[in-house]
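Each in structure tokens, the structures are laid out below.
One chain, subunit A, links the two complexes that follow: it is found with subunit B in the first and with subunit C in the second.
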Partner chain A sequence: MISAIARKEFLDVWRDGRFRIAAAVVVVLLGVALLLAWQQVQRARAERAAAAALERENWLNQGEKNSHSAGHYGVYVFKPLAPLAVFDRGLEPFVGSTVFLEAHRQNQAAFLPAQDATAMRRFGELTAATGLQLLAPLLVVLLTFGALAGERERGTLRQVLSLGVRPRDLVLGKAIGLGVALAVLLVPVALFGAVALANLPEGDAGGSWLRFAWLGGAYALYLAAILAVCLAVSAVASTARTALATLLVCWAANAVLAPRLASDFAQRVLPTPKLAEFETAMHKAVQEGLDGHSPRQQQLQEFAQQTLKKHGKTRIEELPFNFNGLVMLESERLAGEVFDHHFAKLWDRLEAQDRIVTWTGLVAPLLGLRAASMALAGTDFTQHRHFSVAAEQHRRDFVRVLNEEMMNNTAGGHHGGVAGRSLWEKLPAFRYDPPPPAHALRAAAPGLMVLFLWAAGAWTALLLVAPRLKPN
Partner chain B sequence: MLETVKLTKRFNGQVAVNELNLLVKPGELFALLGPNGAGKTTTINLLLGFLAPDAGEARVNGASVAADPIAARRHIAYIPEQVMLYPRFSGVENLDYFSTLGGRRHTREELVTLLKRAGLPAEAADRRVGTYSKGMRQKVGIALALATEAKALLLDEPTSGLDPAASHEFSLLLRKLAGQGVAILMATHDLFRAREDATRIGILVDGKLAGEYATNDIKHMDLEKLYLKHLRA
Partner chain C sequence: MTSHLFRLELRLLARERAAWVLLGLFALALAYGISNGSRLAQRQSEVATAIAQDSEQFQTQLRNHLAQQSVDPKAIAGRGTAAVLPPAPLPLLAAGQSDLSPGHETVVLWKLAAPADTRSELENPSHLLAGRFDLAFVLVWLYPLFLLALVYDLMAGDREAGTLRLALAQGIAPWRWMARRALARALPMLTLAAFATLAAGFFGGSDGTGTRLALALAVVLAYGLFWVSLALAVNAVARSAASAATALGAAWVLLVLVAPTLLNVTVETLYPTPSRPELVAAGRKASGEAEKRGGELLNTFYRDHPELAPPGQQADFAAQHLTVQSEVGRAIEPVRQKFDAQLARQQTAVGRWRFLSPAIAAHEALTDLAGTGYWRHRAFREQVGGLRQAVSDFFTPRIHKRESITMADFDKLPRFEFREEPAGVWMGRVVTSLTGMLALAGALGAWAWRNLRPARLGLLST
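Moving on, here comes the complex of A and B:
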């Protein structure tokens, strides 16, 4: 019986011209969004690869200079765009794509794509993810608001129930039929996404296919929850118009209000410092030590005394190496502690804010989905942090090699001797390996849990409401 | 087959059905007459289990409707004042869907035959019902009763709004069903059709059965007088 109801529901929806038009619009929008994003990701990846190659050339051909100057010459490293940015660009437009690595400083990623965007960005960016997050639920609303309330109004519900159909079977049959109608629209979009991914150079990097499968699961959970909520509202609403109005209000609250309110709430509960404040505090800690009572000069003087004692010398000039190189190494170590402390504090705070927003998803499921979607696509903050840490590690390795050269090359006095291409070649080009799928799954876990709770709760509610289905 | 025992239903303290005792046996067509608000539709809703009684009991095939409304409905076909169908489906598709829900699967040929038996023109069977007249939809309702082989038929003013020819055709189908042993309870305002089709007539006033008559015992004129007498009493 459930299959007969599902079949009828599917056919009824499919024969509805309004649904076909709405579905065509959604499918075309999603398809175009995927195509454009695929082109954009391909272009961005090519640009960044070309820039990285050029940067390497510049580094190798910088000419002869002492290693300390090379440390200030620095290098740019570029964040490779995750393949699944085709689907969900996440934070990519709002976090930098390039980090300048230089001696003494840990720089944050710069060159935000959003800075180059026109004012149109204020209206949001159409990606397959935003389409599925915002438009697909609207389609579900249009598909379902009259499923039970409309039948009640028309009198067909009375006719159906008079035949001895169990209300729960009716509701389940309708849910399956409508779910299949939705799947018929969205499965081709998913296949199109898979084709786009398969045709992206290095599209399988970072376990993209596993992430893609999980993304499919996350969106299926989200839409299943929305479908159940819509049917439950349609089951209890006195008229189809009431059901539609209620569901549109819920949609607006979920899609428009909740993200803004949740972000403001998280910032209020766990405020982050302004960039200038952050930089000032870090600079002060570098000068005065993390505890504020260990001035850098004093620390370095103590370090000089310890070094002289260790080597049984009384004067720096007597040391068998360039002491300035060693000081640079120690200075970098001390600064590294400060950077680690301050950046970890800032990043932990940002991640805590994200967790607040994600768990607010218990009220509005979009927040849970967005968090899971970005994490699985590799475009969330945890993966930006992973890149930033890798870039900083590369900076420290690169500065360490230069400082060791300065320490051991005693020919040039204060800043060491002149070095050339042979040294520059010793420093490998930056190579970033994106985190494995397990990292993405850990980051996505809270969002996935929110979605699971929503789906379980919504279906339980629907099954509880179903037996109380009244014919009028 | 259809029975009510001291069946009572109140809405906000107002009595809609008042200790109603009814019995419709297989092969009987019982016409329930009464003015608007007399409790006819409420009685049908109680027999369908769409409403829970405040006292008394509705029974279908000897079993309490309140105890298991789903099982009770399995024996019943219900034809409201306007049979509502799915406009994007043809007559055959609607009948197929509803009869499947009623627990009976039929081949397409059987469904077409059932529609024909119910009096639907052959060319209409595959047409979308959005184009059907009210009379045609009522015939699909009758076809559904035939398709589900219901033991009892509940009709709520089924001929209201039908033209005399369609109404007559509908009556013939009802009589045929009664002749096949179906118990029929028909709520109606139509004194003429009640006198013509029913085997027994009950007059419901303020939720109470004010009078009950065998149609063989009364003439048309007498029925109208009796009806008015009970209303004025």
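Moving on, here comes the complex of A and C:
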């Protein structure tokens, strides 16, 4: 019975001219978005790789200089784009692409691609992800609003029910038929996405395929939840027009209002600190210690005493190495603790804001989906943080090698001799390994949870509503 | 007769409960948009004030110091000169690019050739992605939805119900009847939007923004008029209220959601954004090469500018750094210019194609009027470029010659004063947007009128 209903519903939809036009528009937009994004991601990745190679050359060919000067000359590293940015660009335009690594300082990633874009960027971006997040639900609304309410209006619902069809079978059959119609549209788009991914150089980095599969699951949950909500509304509404109006209002609230409202709300609850405050606090902690009571100078003096005691000497000049190098190492270590503390606090705050937005997804499922989608695509904030931490780790290694050189290979008492290419080559080029899929799954978990709850809740609601289907 | 119909329609509207709910929600959204905009504006003005105060304090200290003794230019140069973009003239109208494009920058002599950090505030990137719930959001995105909810059914419903013949029997041209109806139903929303625009000027505008406010009002009304004309055009042909609503909803999705993103992606494909990482790496290459030839460069420099050579001809570290830096600047200037030109080409293309959707035109016009748009921020970036030059021109010769700064130099110290874009320029852009929107509205209106001619009356009512 159910399969007969499903078949009928599927054919009905397929023969509807309006649906065919809307579906064609959506599918074409998704295809165009994928194609252009594939091209852009490929170009951006090539550009960043070229810049990284050039910067490596710059570093190696910087000529002979004092090793600490080389620390100030520093290195620029560039964030590689995740392959799945083809599907969901996420925060990529709004986080820095470039980090300057230098002695004494931890810098934030600079140069947001969006700053170099036109103001149109603020209208949102056309990606396969936004197409599925915003336009596909509209398609579902168009598919379903009349499915039950329309039949009720026309009086055919009464006839069908009088044939002895169980209301639940009717509703389930319709859900399956409509779901299949939707799948027939979207599965080819997903396959197209897979082809794009397969044709991207290093497209499989960071477990892309596993991520891709989970993305498919997340979007399926989202659309399934929306399908169930729409059918439930159609089952309850007295006329198709009421169902359509209700669903469109819900769509606008979910797609247009919710992202901005939730984001603003998160900012109000947990405000972002001002840059000047953040930097002043960090600078102060570097000077006075994290607890505010251990001035840097005092700490370094104590450190000098301890070092002398350890080596059984009374004067710094008697030490078997350049003490200045060791001081540099120690002050980098102390500063590192401060940076770790303050950046972790800032990033925790931003992640907490994002979590608020994700859990607001319990009201508007788009928010849950967006968080999960960005996390799985590797374009969310946790992934950016992972990159920032890796870049900082590289900075510390690089400054440590330079300071050790000063400590061990230069005469004591001053900032020491000149180093050359052989030292520059000792510092490996920065290589960023994207986090494994497990990291992405952990980051996506709240969003996936929200989607799961929505899907479960919506289908339960539909099954509860179905037996009480009123013929008029 | 006609004013009577107008009043009748208003009375009918007043009796719809849904209309009151919609008006209430719209008013709420407008108020929230204004309050949100004012929070952002306040935060930004606090930051700007803190920087200005800091800079002023330094100036006072320096003046007091100079009154007693002269100062080594290197000591001042390291502190940098702050450039601050003054608060926007109508910040509550639109947040625009103000949360993304830097609103202040400190220019330091020693770092003139280094890639400038583009970040001037901490922002959650997700917040930037989502966008702000500011007045421009309410006006560009939600206002058409609320308007359409009231005017989607101007004639189609009557045609469906068969009451159209009766209505047209009143002896009024269908076109006039429908236009009266549309205006009466749209009037409350238009009024609310206009009031909110005025309120944005009243609560957060700086002095002398009357013209901006008047133009903003015109933009808001023209944008509203466009959507009303669209409703007229759709109703002239739609068979039922539901199909009119569907068509208008689809138009909203296409014009507000799809067209701008499509334009963005097209422009970025046609004029690809140049690579910022490549610019950074190219600059570094130039600086590495210049640094290696540092001594040689300085000697050439002193040969070309003997007047700048220090008394003992002995170059110091600072002088060498400055020579290297200006060489780097020269080397990367063409790359930087190409970069900037490409960005300007992108935005010009957006300007040209903004009539693809009135939502784009309205948004561009509102951010322009607010003073938070692309072009004002671009002007700021360019003028900071001028400040870099001024800083270099002031300090470089003095450092080469090892001249001290005295009280006589105090007034010549480089300072930043933002020059607003000439009124004619932004007004030109806004008036073009406005004309474009009115032309689109006019075209739709004319089309509706053609379909509602008395000659086609017979077709109309069936």
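The rule we apply is simple: the second predicted complex is superposed on the first by the 469 of 472 C-alpha atoms of A that agree within 3 Å, B and C clash if a C-alpha of one lies under 4 Å from a C-alpha of the other, contacts with A are read in each partner's own complex, and residues count from 1 in each chain.
Quick note on the criterion: a residue touches a chain if its C-beta (ideal position, glycine included) is under 8 Å from a C-beta of that chain, and two chains touch if they have at least 3 such contacts.
A quick note: this is a predicted structure, and the numbers were derived from the prediction, not measured.
Contacts of A:12 after superposition on the shared chain: subunit B is touched, whereas subunit C is not. Once chain A of one complex is fitted onto chain A of the other, the partner contacts of A:160 are limited to subunit B, with no touch recorded for subunit C.
Residue contacts after overlaying the shared chain place A:471 against subunit B, while subunit C stays out of touching range. When the two structures are aligned on the shared chain, A:306 is found in touch with neither subunit B nor subunit C. Which of subunit B and subunit C touches more residues of subunit A: that partner is C. By the document's definition of touching, neither partner reaches A:280: not subunit B, not subunit C. Counting contacts by the rule stated earlier, no residue of subunit A appears in both its interface with subunit B and its interface with subunit C.
For subunit C in complex with subunit A, the touching residues are 36, 43, 46-47, 50, 96-97, 100-102, 115, 117-133, 137, 141-142, 145, 241-242, 245-246, 249-250, 253, 257-258, 260-265, 267-269, 272-278, 280-282, 284-285, 288, 291-292, 343, 346-347, 350, 359-360, 363-364, 367, 373-374. Residues 18, 22, 29, 32-33, 36, 39-40, 43-44, 47-48, 50-52, 54-55, 57-58, 61-63, 73, 76, 78, 90-91, 93-98, 100, 107-108, 110-126, 130, 134-135, 138, 240-241, 244-245, 248, 252, 256-257, 259-264, 266-267, 272-276, 278, 346, 350, 353-354, 357, 381, 384 of subunit A are the ones touching subunit C in the complex. On the side of subunit A, the complex with subunit B involves touching residues 1, 4-5, 8, 11-12, 15-16, 154-156, 158-166, 470-472. Residues 48, 50, 70-74, 76-78, 80, 82-86, 88-89, 97-98, 100-103, 148, 154 of subunit B are the ones touching subunit A in the complex.
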